[in-house]
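First chain A sits with chain B, and in the next complex the same chain sits with chain C.
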Partner chain A sequence: MRRYAVQRLGYGVVTMWLVTLCVFALLRVSGDPIKYMLPPEASFSDIERMRRVHGLDKPLWQQYLLFNKGIVTGEFGVSLRWDHRPAFEVFLSRLPATLQLTTAAVVFSVLLGVPLGVLAATRPNSLWDRLGRTGAVIGQSMPVFWVGLLLILLFTVWLGWLPSAGGIDRLGLAGLIMPAVSLGFYLVAAHMRIVRSTMLDALSAPYIVMVQAKGIPRRVVLWKHALKNAAIPVFTLFAVNFAQLISGAVITESIFAWPGMGRLLVESVFARDYAVVQTVVFFAAAMIVILNIVVDLTYAWLDPRIRLG
Partner chain B sequence: MKGTGSEVIASVPPPLQASEVGLAAMVARVRNALRGAPTCSLVILALALICAMGAPLLAPSSPVVGELADALQPPGGAQHLLGTDNQGRDLLSRLIYGARISVTIGLLAVFVAGALGTAVAVLSGVYKGWVDVVLMRCTDAFLALPFLMVAVTVVSLLGPSMLNVILIIGLLRWMGYARVLRGEVLRLTEMDFVRLALVAGASHWHLMRRHVFPNLINTLLVLGTLELGVAVIAEAGLSFLGLGIPRPLPSWGTMLAESQQYFYIAWWLPVIPGLAITLLVMASNLTGDWLRDRTDPTRRQL
Partner chain C sequence: MGQARLSSVGVRLAGVLGGLVVLAMVSQASGQQATPASVAKLTVAVDGWGGNELDPWSLSTVNFLQDYFNLRLMGQDEEGKPVPLWATEARLTDEGVSFTLNPKARWQDGRPATAEDLQLNFEGMTGKFEPQFKGLWNGGQLRDTIQEIQVLDPHHIFIKTTRPNPFFLSQWAGVAYHLIWYGHAQYLRAVGHEGYINNPIGGGPYKVKEWKAGERIVFERWEEFWGDYPWYRKPQAKTMEILRVPDGAARFALLQSGQADVVSNIPYAIAKGLPRQRGRGPWIRPYEAAGHMALTFVLPMVVLEGTATEEERHDPTLDPRVREALELAIDKRAICDKAHFGLTSPTNSLYSPGSFGWRADLGNRISPYDPERAKQLLREAGYPEGFTTTVHFGQFPGRPGIPEALDAIAGYWARIGVKMTAVEHDAAQFVARVRPPERAWRPIMLQTFGRLEHSGVRVNDSYHKDSPYSAAWTPRTQELWLQASATTDEAKQLEALAGIEDELLQHRYLIPLYAASLIMGYSTRVLAHPTPRFAPHFMDLDRIVLKD
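Coming up: the complex of A and B.
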């Protein structure tokens, strides 16, 4: 286990370093951040001064070293839009809202997707199963922003039940429902499909036949014995799904005015706040890498075939 | 003995002429190729393609200029079948031109991503060793990038335009191809015909071009079809945020973004473009699933 963990962590460090290289390359190659930060009517000397202040007059490799130094020391520059607060601090202030939203979306999708998948697997090709499968195909094709708009149209405009904008501090839990549902909508379909197919495999496995032969009630067989193994892919795919959730959060937070890091990114992009943009992108990537490692390690801990193989 | 040979030849029925194969055989071949095909999905894809190519001919009026007097008419009117938006622009015409944007960007982005991913996979699988290690680490790093965040940032730096949207989607979505195809390439290089080609002195370039790549085309087609939907959603998402196709071009994402101000008076503005995106994405997903089952029944899911 230790050897596997060390190897996996090593890979993680290499990946993280490559991610910094990717972020740096994509951001620097695609445009001049100074022109980005200053209004078009800025004078030439303004541009030169700004360039010196941000260290952008140095050669690219030195800039890259500075960028890495910033990451190690935790200095990501100051925000232009948010009263010159450190970019990292601005990012941290928005992080909890995104975590609330993504957690709520995952909980919603698991609570709905897993039981639907189990139901579909217990009665293959029944009406339930076919309805569920059709629903999953449609659900996976609907873009997250359309789901959000339809929810607003239905529950805010027509029924007037739920508020459509504001974040949890202002609206309480009622304000969390629609953003979480629209962000988690895609995952419901994904979870349903995975659980259905793994559950079908599990139900024909010898250990389940054995349990059934012992006369254990069907309910217990399904929800305890079979689901335990069938649910593992839901867990292992969590890291992949999380990357999707972060992308989805950018749009969901914009629609519902949710004060998280996705909305922070869009606001910063339009305010041309380069330091904050860079910080948000970097930490979102870091979160995905770390989550990948944690999932891999936990999985190896659960399943000896991985760590010994 | 003279003449025996020609008699033998004469007894063999003459090879079929192209004219004899004819229409019936052609129809049979097409029907066989389309066995079990999702008809609705193929029709939707064909419709989107026709709209994309013939937009100027098909659209009843201009997609960017409207009569303010006709603003916000509901669908079903004699003049405007799907209604009009706040500027009196015909929604059907905007939808048809929107199909042109979605299909163009979808296809080109898939092409860019597919080319990149295939190149990485083939290099990785044929050269193996440190090339493989480096390329796969890079693939992992790109997989860890939060797609939409990076896309939003890069497009805002480069400036919103069709080309930039295509490039950024292509540049951020090649990892799926690279991972799946690399497995295929590794499997192929273990097979006898590739080893024999190597023994016969084939160069790596010849090997990749003549023996490896042709065997990847099936998988590439399946992945490309499935990724088309992803690219369409990505473009619509970027445009929705105001960082994709510049206005007044009628991207479906832009149309949805603009609809937000008219929720209380015009339900058709958010509903119809979203429906168009969903149908196109669903059609390409279902077609991709079908192609996968056709080319490789062992990987059938659900």
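Coming up: the complex of A and C.
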């Protein structure tokens, strides 16, 4: 098990290095940040001056060495467009909002998707099952921005129940409801579908027949024995979705003016703010790699065949 | 008897009606009187505010938030005339510019705002205090402009320019599209960049209470604000919160639900059905000519500059008859009336309507829509079956309606056999690659220009050889530009500006399309927003009057 863990960590480190290398190269290939940053009225002398001031006149290899040195020493550079604050500070200022939204969306999707999936699996081809499957298709087909705007129209404009612009620090927990539902709506469908399919497999397995033959109540059979064994793919999906959303939910954040990392990343990409883009991508990648390692190790712990294989 | 009773009823009715009328008048009058001197909060949702920086000496782009806590020398009143802010008087000559500063002006820590502060600001913006202050994004231009600064006394300053500079007041003093703001220089130097952004102290009507870069800013009224002009005084709202909400529909929802009092840049499709006067629900005000759109033929410039490929030398758009045909095939009025719901107006000028240099007779002489003549011109040019071409464009905050216009143009051109594909680019990339020698957006680009009050600044930016946001030029415009930019004599400037415009339009290097409005939306709480008719880039939100 230890060897397996070390191997996974090694892969993780290599992945991280490749990610940083790609980001560094792609940003430089996509153009001179100073030209992109300055307004149309900037003169050639302005461009030259700003390039020098921000150290972008240095050769690429020097910039790359500085970038790597920064990662090792925890200095991720200074942002070009965010008050010239340290990029790491800019990233940290958006992290809480992203974690709040991501956690709420994923929890919402699990709390709704798993019971719906179980319900559909226990009554295959019933009205519940058909409704659930139809709902899943609709949920996975509706674009996030459309769901978001519908929610705003219904709960903000018509009913006046929920506020729609800002994070928890401005609106309190009420501000989290619509962004989380909007973002989690797609995931509800995904969770429901996978739970239904794995539960159908589990319910036809011999050990469930055995448990039922023992006369154990159906509720216990379903929620304790079947769901527990069907939960591994759900756990994977949960982890993958959480990791994906960590890097930001740009559309949801734009519609609800949510102060998360998605908007920060996109705006920094458009502004060619190297320091901020590199920092956000580095930490988002790190979180995804760490989550994947955790999932791998949990799998190996749950199912010894994986690490032996 | 009967008549007497009737007349008695009539008298009573008349009395009741008269009473009601008087009551209505009194209540209206008292309603007018009831406009409170102070209200608790004003909430504004905008699509963008420029850069995310508070330090006026390290701005990487314009940032209209600076208007509320830092200083400008001059501004515009409701009529659009230049008016005093920090400076009570300005005098522009060929040698330079003198300012008289308001002796009442103070910084928010109580220290007087003096000519020495102004001098230090210019030095800070041009990078004198690097590396702590990066210098302004256009500090290079400013350094090229100023030769010497003479502080005559605490309230008088003379800035000697390197050459006659007719645009100084427009570009650096704050008239209309201003580019810089003046901060509390002594404080900036004492606390440094980091100290300043964590606790900014300015001299404007508001203090910064809370700042979340890129998301929102909360201002708190400075109760001791020194400004006492009708256009620059202690604002009515004690707290002003400005939220950045990028999505247009989501912004409008804030207005509808009463979460915001003012919303900027409402999409035309939403704005079309809204009233333009205050009533029972959200209302709008179109700020005319906030943006200016033109199709620019890039290849004539590329040929002139000697960077055209062999294939490009045979492009149809190099033929003036083709360019004329393409213009005649566009129904500009229909685009403005139908695609933009009457919220834009067609133009035949390179300059913003109402600006210095704008000629109404030329600007309003819209090219006719004549597809038959266009087809004939194409036949004469050797393209009877038309051809295929590409139009490149970028979309900028506050310049709505571009995709709709391009859809319409593609349709018009298709009728004369020209198949056009519109290609969108990231706005920053569009600007960065527009300049020579690259001139990436060949053969045609849709250029969007922000409103400028002095058309000389537009020429500086776009219509001479070294323009940063380059559109078109000829040796003649170059010559005229040198004349216009070397004198503060307004008559000579006007003559040169007219010559530049005539020259470029005669060659049909550009097709001026339309002047675009910026639509501001207001809730019923808003009684008035006394700003100029033509859109200010920076919205004068401190002038808004609320009813409660």
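In this section, the second predicted complex is superposed on the first by the 265 of 309 C-alpha atoms of A that agree within 3 Å, B and C clash if a C-alpha of one lies under 4 Å from a C-alpha of the other, contacts with A are read in each partner's own complex, and residues count from 1 in each chain.
FYI, contacts are C-beta pairs under 8 Å (C-beta built on N, C-alpha and C of every residue); 3 or more make two chains touch, one makes a residue touch a chain.
Please read all numbers here as calculations on a predicted model, not as lab measurements.
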item: Partner chain in contact with A:Ser254 - chain B first, chain C second, else both or neither; value: both
item: Partner chain(s) touched by A:Leu153 [first = chain B, second = chain C, both, neither]; value: both
item: Which superposed partner A:His225 touches (first chain B, second chain C, both, neither); value: neither
item: Partner chain in contact with A:Asp83 - chain B first, chain C second, else both or neither; value: second
item: Touching partner for A:His191 - first (chain B), second (chain C), both, neither; value: neither
item: Chain A residues contacted in one complex by chain B, in the other by chain C; value: 31, 36, 145, 149, 152-153, 156-157, 254-255, 270
item: Chain A residues touching chain C - in the complex, by the definition given at the top; value: 31-32, 35-50, 53-54, 80-85, 90, 93, 145, 148-149, 152-153, 156-157, 160, 163-167, 169-170, 254-257, 259, 263-264, 267, 270-272
item: Of all residues in chain B, those that touch chain A in their complex; value: 137-138, 140-150, 152-154, 156-158, 229, 233, 236-237, 240-243, 253, 256, 259-260, 263-264, 267, 270-271, 274, 277-279, 281-282, 285-286, 301-302
item: Residues of chain A defined as touching chain B within the complex; value: 11, 14-15, 18-19, 21-23, 26-27, 30-31, 33, 36, 133, 136-138, 140-146, 149-150, 152-153, 156-157, 193, 196-197, 243, 246-248, 250-251, 254-255, 262, 265-266, 269-270, 277, 280-281, 284-285, 288-289, 292
item: Residue ranges of chain C touching chain A (in the complex, touch as defined); value: 45, 51-55, 58, 60-62, 127, 130-131, 134-135, 137-141, 143-144, 179, 193, 197, 212-216, 243-247, 249-250, 253-254, 256-260, 426-429, 431-434, 461, 466, 468-469
